[in-house]
Amino acid sequence: MENTDNPKILVFSTEKISDPAIDMAGLLKKHYPATVYTVNVPCSSAIKSKWILHAFDKGFDGVFIAADGTDCSFSDTCSDKTSKIVANTHELMKEKNIDPAKLKMAAICSVCAEAFVKHMKSFHKFLSESKGN
Amino acid sequence: MGKTIDIIKTKRKVSDSVKENMKAFNKIKRQILKSLETEEKTVPQIAQEIDLPLDVVTYHLMTLQKYGNIEAGEVDDMDEFYFYKLKK
Amino acid sequence: MAKINPDFAKEIFKYGNGDFNACYNCGNCTAVCSLTDEHNSFPRKMVRASVLGLDEKITTSLDPWLCYYCGDCATTCPREANPGELMMSLRRWLTAKYDWTGLSGLLQKSLLFSLFAFIITAIGVIYYSVYQNFNVETIMHHGHLFEMLSIASVFTFIILPNLFRMWYFVIIKPGIKVKFITYFKEFQDLLIHMFTQKRTLGCDDSQTRWFMHLILVFGYLALLFTTVVLDWFGTENLFIILLGYIESVVIFIITFIFVAGRIQKNKEVNKFSQPSDWFFVIWLFLLGFTAFIVRVFIDLDLIENNIWMYLFHLIVLVQWALIIVPFGKWTHFLYRSFAMYFDKIKQVV
Amino acid sequence: MSKTEEYDVLVIGGGISGEEAALNLADQGYKVLIVEKDLSVGGKMIHLSKVFPTLDCSACITTPKVSETARHPNITIYTYSEVSNIDKKSEYDFRALLTKHPRYVIEDACTGCQLCEEACPVTVQDQYQYDLVGRKAVYVPFSIANPRVAAIDIENCSLCGACEKVCPADCIDFTQEEEEIQIKVKSVVIATGFKLFDPTLIPRYGFGVFKNVVTSMQMERQLVPTRPYNNVLRPKDGKVPDNIAYVLCAGSRDETVGNPICSQVCCMYSIKQAQLLMGALPMADVTIYYLHIRSFGKGFNEFYQQSKDMGVTFIKGKIGKIEETENGDLKLRYEDIESGVVKEANHDMAVLSVGILANDGVSSMFNNKLELDQYNFVEQKDILANPAQTNMSGVYVAGTASGPMDIPDSILSAGAASAETSGYLRGGYDEK
Amino acid sequence: MKNKIGVYVCMCGSNISDYVDVDKVKEAAEKIDGVYVAKTTMFACADSTQQEIENDIKEQKLDAIVVASCSPKLHLDTFRNVAQRGGLNPYNYVQVNIREQGSWAHSDNPPLATEKAINLVKGGIERVKHSKELIPIKIPSINAVAVVGAGIAGMRAALELAEMGTTVHLIEREHFVGGRTSQWNVLFTTNETGQEVVTRLYHQINTHPKITLYTGTEIIGKKGSVGEFNLTLKIKPRYIKPDCKHDIKDLEKAIAVCPIEVDDEFNFNITKRKAIYKNYCSEFPEIPAIDCEACNKCGECVKICADIDLNQQPEEVNISVGAIQLSTGFNPYEPTKGEFGFGEIDNVITLQQFKRLIELNEDALIYNNKTIKNIAYIYCVGSRQIDGPNKYCSRYCCTSAIHTAILAKEKYSEINNFHFNRGIRTYGKQEKLYHEASEAGDIFLQSFEEAPPQVERAGNETIVKINDILTDNEELEVNADLVVLVTGMVPRDYEGIVNILKVPIGRDKFFNEIHPKLRPVETVIDGVLISGACQAPLNITESVKSALSAASKVNSLVSSGEIKLEPTMAVIHNDKCTWCDKCTEACPYDAISKIKYKDKEVAEVSKSLCKGCGMCLPVCPENAIDLIGYTDIEMESMIEALIY
C-alpha cells in the first residue's frame, strides 16, 4: 500500500480563508495529488515551526502553508508574520539538513481553488523529482 | 394488544381493484423469480420468456430489487442491459 | 443586409387576425406541422419575416401556399400567436401582391370597397336588363356570351399576368436557374395538385375536409363546363340537364356546410373568417343555388314570367366572374397549384 | 372535541421554506406549529439529488435542517395533517381547525424497522419515487423521512393483518381515526409550496404512453443515492440510456396549458441533471432543447458555461412532438431555430422539464378570504416593500407559495416571512 | 486520553462511497487503539443516524466521537449537538473531511482516495484522543445593529429590526436616502414609483424611536467584534442647519441663485444640478444638501437662507453595535469608451440614463434636440462577458429593459422598440412583461454571445446591426435614433468598508455569503451580514427579501444579549513562561498582559479579548503558549497519524 515514491505533502490551511478554497477545489472536482493532507489552523501565523519539523521528522516530504495573505480576518500583519515563521523554519531546516525548498508558502484566498491545485501539482512534481535524485 | 385488524374489518371493505392488483403483482413476481432461478437475465430476456410488456417487467423487477429479492449483476457487453439475479 | 420595418406588421393586420407579434420564436408551430420537412420549414419563418417586415422574403416564398390551415400550429402555439391565421393572411396579402391591377388588395382590405364593387356590378346588370326591356331570351343569350367572354378575358388580362408575376417573384427574383425542360417535366404535378389538392391529406384529421373540397372543385369545374360549353340553360339534352342539376346541388350543399362551419367556428380554420372568405363561400353557394333554381324555372316554364330569377343568377354570376374569380379567394385555387408546381421545380433545381 | 392548543405562529407546510421560517421564529423565542400534509417533513427538496449551482447534495442540506426543526424546543410538528379552516377573529387571534389523518401506526412506538413492509403482500406505485417502482401498502415513506416511521395506505390495504402480526413494537393500530384539533395562533405563515405540472396535458409529448418519456422529477430520483433503480435506466426496458434529451418549458411559458409564466428553475435543474448524468453515465450524450436559458442567479451563468464545457449539447427550439420507434427510442421533432430547419432527432430517453404550478386549496383554507394572483399563487400585496405580506394582516407567505422560485430564493423569502411575522408579533406585545 | 471512541464513516449517499471504499476505512478505524465502535452510514447527518450516534454514546458510554464525512464547515455544529445530546462535551468530537478533500478531490484515483481517507480518519482519531472538554465562551451582546446603506434593502431591514425590538443605526453615505430605488420611476408589478416606496419607508423610519438615521456618513473605523463592534462614523457637513425651520421656498430660491453647476449623478449625468441640491422635490431628508466638493462657498445662498452654514465641519461619532448588516447596493456597469459606441456616438446612453430621460421628458421623447422614434436596446452590456471579467448574469436587466420599453411606448406612442438580446431572461412572473412587449409590437433580435450587435455611425445616422439567430442568422439592421445599453450590475464601490470590516469577496466581486442555501446572508466574519444587491444582482423584491432575512438573523444573534463563541483561545504555560514580551507584540487584540505568578512575571491571556488566532504561538521562544484545540500534542499526534 505504501507508495514510497509518491511524495507526501502536509498542507496547513486556515479555517476561514484557505480551507474553503481547498474545499472548493474538491467541489469543482479539480484534482490534485491524493497524497496531499490538509490540517486546519485558525490563522496561518499560528503555525509553530515545531509542528513543521515534526512533519518532516515523521516522513512528510513537503510542507505547504496555504496562508491567509491579506485576506486574514484577524490582522493585516498576518502575511508578515507567516513569512517570518517560514523564514525561521527554513533556518531550522538547514540545521537539520532538510532542503528548505521543501517548505513552501503561498497566499490562498477563499476562492483560490484553482491556484491551490496548481500549487499542489507543481510542488508535488518538484518533490518527486528531488526524491528521484 | 389485541388484533386491531379485526376491528377495522368490520368497518371497511377491500375494493376489488386492490385484490386484483395484489393477485397480478404476486403472479408476476412468481414468474420473474422463477425465470431467474436458472440463470441471470436482462429485462428483455425476462420479458420475452414470460411474455409480458417490457415496462411491466422493469417496474416489477425494480420493485423486487428494492425489497431485496433480487440484485443487479454485471452489464452486458454492449453496456446496455444489466443482468439481474436472485439474491441469496 | 436587410432593414427591419416594424410598420409592415400593421399592413398584414389588415388582411387578417394579427396575433403573430406575440411569437417568441420557439419553433413549435414548425415542429408540429405535418406538412413541413427539411426543405420547407414553416410557418415560423413567415411569422418572423412578418414581424420584422422582411416583405421580400414573403413575396419570394411559396410557404404560405404550402399551408392548408389544419390549425395544429394555432392550437398548440404557447404564445397563442396563431401562425396558421398569419399564413392565411399572407395568402391574402400575396394575392394582392401578385395582382397587377391593385384591385385585389383594395377589395380585401376594405369591406366598404368590396360592397361598393358588388353594388356597382349589380346596378350594371340591372341597368343592362332595363336597357334590354327585360327580354328573357336576349338576356339569357347575352348571359351565356358573357360567361365565355369573361372567362377568356379574365384569364388573359388578369390571371395569366398575375401568375406570371408570381413566377417572377418566386423563381426569377431569387435568381433560381431553371432549365426550360424542367417546366414541362414537372407539369403533371401542377395538374395533380390543381385537381386533387392531395397535399391536404398530409394534414392530420382532414380526410373529410379534403374529400369535400375535392368534390366541390370537380362539381364547380363540371358545372362551369356544363353551363358554358354544353349550354345547360339552353340545352334540351336530358343527360346534360340532369348532370347540371347534380353539379349545382353538390355545390350548394357543400358550400352550405362550409358556411355553417364558418358561422359555428368549430374548427381552427374557421375561427377568423375575413369578408373575402365569406364572399367566396356565399357566392359559390348562391351560384350553385341560383343556377339550380333557374334551371328548375326553365323546366317548369316559369322563367318567362320570372325573369328576376335569372337576373339574380346573372348578378351573382357577374360578381363572381368579375370580382371573386380575378381578385378574390378563387385565385387561391390557381396560386396554390402553381405554388406546388414551382416548389417542385425549385426542389428539382 | 378536545381543548384548543395555543401557539404563536402556525406554519402551513413543512418544506424548506416552512422549516426556515419556523426555525427563525423559534430561535427568537416564538412557539411555532408546523402542519405538514405529507407523511414526512422536508417538502420537495428532500427528494432532490444535488442542487445547483454548488452541486452539494440536497439531502445534506435538508436533513440537518429537518432534524433541527424536529428537535427544536419551540417547534411542534404535525405530519399527515391538514389545515381545514382558518378563521381570523381579530388581529393576533386566528382559530384554525386541523385534520390529523390516521397513519394506523403509533408514531412514538414505531422504530422504522420495516418488518411490516416485508410482510405486506400489496404493492402499489411508490409516489416518493414518482411511480418508477412499487411500495407496500404499509411503508416508511423514504429512508431519510422525518419522522422515520411507517404508515398504512388504507385505500390500498388488503386488511390481511400481516403487518400487525410481525410488528415487534406492537405499533400497528387499525383503530386510529381521523382527529380534529382546534388551535389558536397569533399569526400564520403560508409555506404550502408548489405542485408539478402534469405532462399528460400535453398529449403530443406522449408522457404516460411512451414509457421512456419521463418527468424531470423522475430523473431527479434516478440520480439520488436512494434511487429506484440500480443505475440511471430507461423505465421501459431497463436499458442504460446513452442519448438523453431534455425538453424545456414543458408546461411553462405556455398559454395553451394555462401557465404563461416561466417556472424559473427548469433551465437550471436540467443543466444540473445534465452534469450529473455525465458523471453517472460517462458515455452518454445529453442534449437540452431550450427556448432561452435562464441562468440568472448567483453563479448560475457560470454553471451553464461549465455544462457547455463538459459537453452538454444545447439546441434552441421547442420540441413539437415526440414519437416512439419500435425499440422504445424516441423521435423528437423540432425546429432548429439557429438554422431555421425542422429536424427530427433520435434519443433513447426524453426528460420533460416540467414547470411549477400553484398548489390548490390555499385560499379555501381561509374561507376564500386570502387573495390569489392570476396564476393562483398567493398574492403579495406589497411585493416591493413587504414581500411576505398577504392581503390579510398577520398572514405571511414564504417560498414557492407566492410564485416559482429556486431554493436560495425560497430560503430568503422564508427569512423575509419570519422577519415580517416577528415584526407583527412584536407589535402585538407592544400593544398589550 | 479518550479510549472509547466512536467512529462513523459517512457515504454521503454515494458522494463519498463512489470513490472511497468506506468499508475499508471503517475496518482500518476499528483496528486503532481506543476505537470502540466503528460504523458506516448512508447519511451521517440524517436524523436517524444522529439518533443512532446519540444512542451509541449513551449505551456504549463512548467518550469521544469522530465523524468522517463532508467539510466541517457544513456540519460541525450538527454533530457537536449530537455529541451534546448524547451527554458528551461537544468538543470531544472531530469531523474529518473525506468528501471535499477526499472523494471529490480525488475521484480520479479511488484507491489513493481511500488511502487518504483512512489516514485522515486516523489523524482525526488521534486528535480526538487528546481533546479536552471545553465550554463555549459567552460574551454579552449589545442589542443594536448598524445597517450600512439606506437604499431599499437597508431601509427595509432597519424598519423590521426596529419592529423586532433592536436599536438600529442606519448609515447612508449620501445626503439623501433611497439609494437606487429612488432613481427608478414606475416599478414592475405594483406601478408604484420608486420615490413613492422610499417616501413610505422614510416616514416610518423617521418616526421610529429605535432608528437613528445618519446621512452623508461613512464608517471610518472599527474596533471589537461580534457582540460589540465599536464603529467610528464620519459625518460630512450638509452645510444646512439640521433644525432648519426655513420655508422650503427659501431653500428653493437658494438653489436657484447658486452659480455652480455640476453633472447630476442622480440623473446619471444627463442633466446638471447646482452645488446646493435636492435630487427630486419630495426627497428625504427634506432639506437640501450642499455638495462640499462642488461648492466654492461664494455665499450667495446664505444671503437667502440664514440656516445655511458654510462653516460646518465634518463630525466624528462613535457608536457601539452587536452586529453589522451591509446593504451597500450596486452600481450600474459603466461601459468603457467605445463599447457599443458609448462615449463616442452621441445618441448611445445607458438604460439607467434612459429611465431618467423618460421621467424627465413629459410630452415627447427628445434627446440631443432630436425626437426619438426608433430605440435599440442592447442587452448584456457588462454582463455575461466573453472577454471581460464579469461572467455573471445581472439578473434584473432583461426585465428592467422590457419594462422600461413598455413604459416608454405607453408614454410616447410613436416609438418603436428593438431589443438586441442574447436570450431574454424574464424569469417567473416577469415573463408576462415579455409577452406584453411582444404583443405591443416590440421587436426582439437575438445574437450569439460571441457575436454581439454592432453600433455604427453612418453620416448622421446610427445603425445597429445584428446577425439574428432567430432569422437564419441573417444580418439585419435598424436605424436607431437612440441606442440604450442595457447595463448590468457591479457592486457599489466598497473599498473603504471592505478594508475596515474584511468582508470576503467572491469571484464576481460581490460580497460572498458562507453558503447560498445554509447561510445565505451571513459572512465568514462573525456578526457581519450582507443583504441586497451588494451580494449579487437582485431586483427590489429580492433585495428586500434578503434584507429581511438578514434582519431576522441579526435579531436572533443580538436580541438575546448574549453570544456564544468558540472556546478556541491561547493559554500560557506559566512554568515555561519567562515574560519576554514577544507575545504581547504579536497579539493584534491587546489580549495579553503581564501578571505575577509565584515569584516571577508571566503573561496572561484575557478571555474576552482573545479571538483564538494563535499569532502569539510561534513567537514564544520557550514554547510556553498553546492554542486550545490546537495543542502541540493534538497537532503532532495528528500529523504523525497522517503519515502511517
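For clarity, chains are labelled A, B, C, D and E in written order, and residue numbers in each chain start from 1.
Just so we're on the same page, a residue touches a chain if its C-beta (ideal position, glycine included) is under 8 Å from a C-beta of that chain, and two chains touch if they have at least 3 such contacts.
Fair warning: this is a prediction, and the values are worked out from it, not measured in the lab.
Enquirer: Using direct touches as single steps, what is the fewest number of steps from chain A over to chain C?
Expert: Graph distance in the chain contact network comes out at 2.
Enquirer: Remove chain D from consideration and name each group of chains that's still held together by touch.
Expert: A, C, E | B
Enquirer: Which two chains have the most C-beta pairs in contact?
Expert: Maximum number of inter-chain contact pairs occurs for D-E.
Enquirer: Taking each chain's centre as the mean of its CA atoms, which one is most distant from chain C?
Expert: Here the answer is chain A, farthest from chain C.
Enquirer: Mind having a look at which chain is the central one, using mean CA positions?
Expert: D
Enquirer: Taking each chain's centre as the mean of its CA atoms, how far is chain C from chain E in angstrom?
Expert: 67
Enquirer: Find the geometric centre of each of chain B and chain C from their Cα atoms only, then give the gap between the two centres in Å, rounded to an integer.
Expert: So the centroids are 63 Å from each other.
Enquirer: From the C-alpha centre of chain B to that of chain E, how far is it in Å?
Expert: Each chain reduced to its C-alpha mean, chain B and chain E end up 53 Å apart.
Enquirer: What is the distance, in whole Å, between the centres of chain A and chain E, each centre taken as the mean of its C-alpha atoms?
Expert: 30
Enquirer: Would you pick out the residues of chain D that each touch at least 2 other chains?
Expert: Within chain D, residues 54, 56, 253, 337, 340 contact more than one other chain.
Enquirer: List, in ascending order, every residue of chain B touching at least 2 other chains.
Expert: none
Enquirer: Give the residues of chain C touching no fewer than two other chains, as numbers and ranges.
Expert: 24-25, 45, 79
Enquirer: Go ahead and list every pair of chains that touch.
Expert: Every touching chain pair, ordered by label, is A-D, A-E, B-D, C-D, C-E, D-E.
Enquirer: Which stretch or stretches of chain D touch chain A in the complex?
Expert: Listed in rising order, the residues are 54-56.
Enquirer: Residues of chain A touching chain D in their complex?
Expert: 27
Enquirer: Touching chain E in the complex: which residues of chain C?
Expert: Touching chain E: residues 1-4, 6, 9, 19, 21-25, 45, 48-49, 51-52, 54, 79 of chain C.
Enquirer: Could you list, by residue number, the parts of chain A that touch chain E in their complex?
Expert: Answer in residue numbers: 1, 8, 10, 16-17, 19-20, 22-27, 29-32, 34-35, 37-43, 45-51, 54-55, 58-60, 71-75, 77-78, 81, 84-85, 88, 110-111.
Enquirer: How about chain C: which of its residues touch chain D in the complex?
Expert: Contact set of chain C toward chain D: 24-33, 36-38, 41, 44-45, 75-80.
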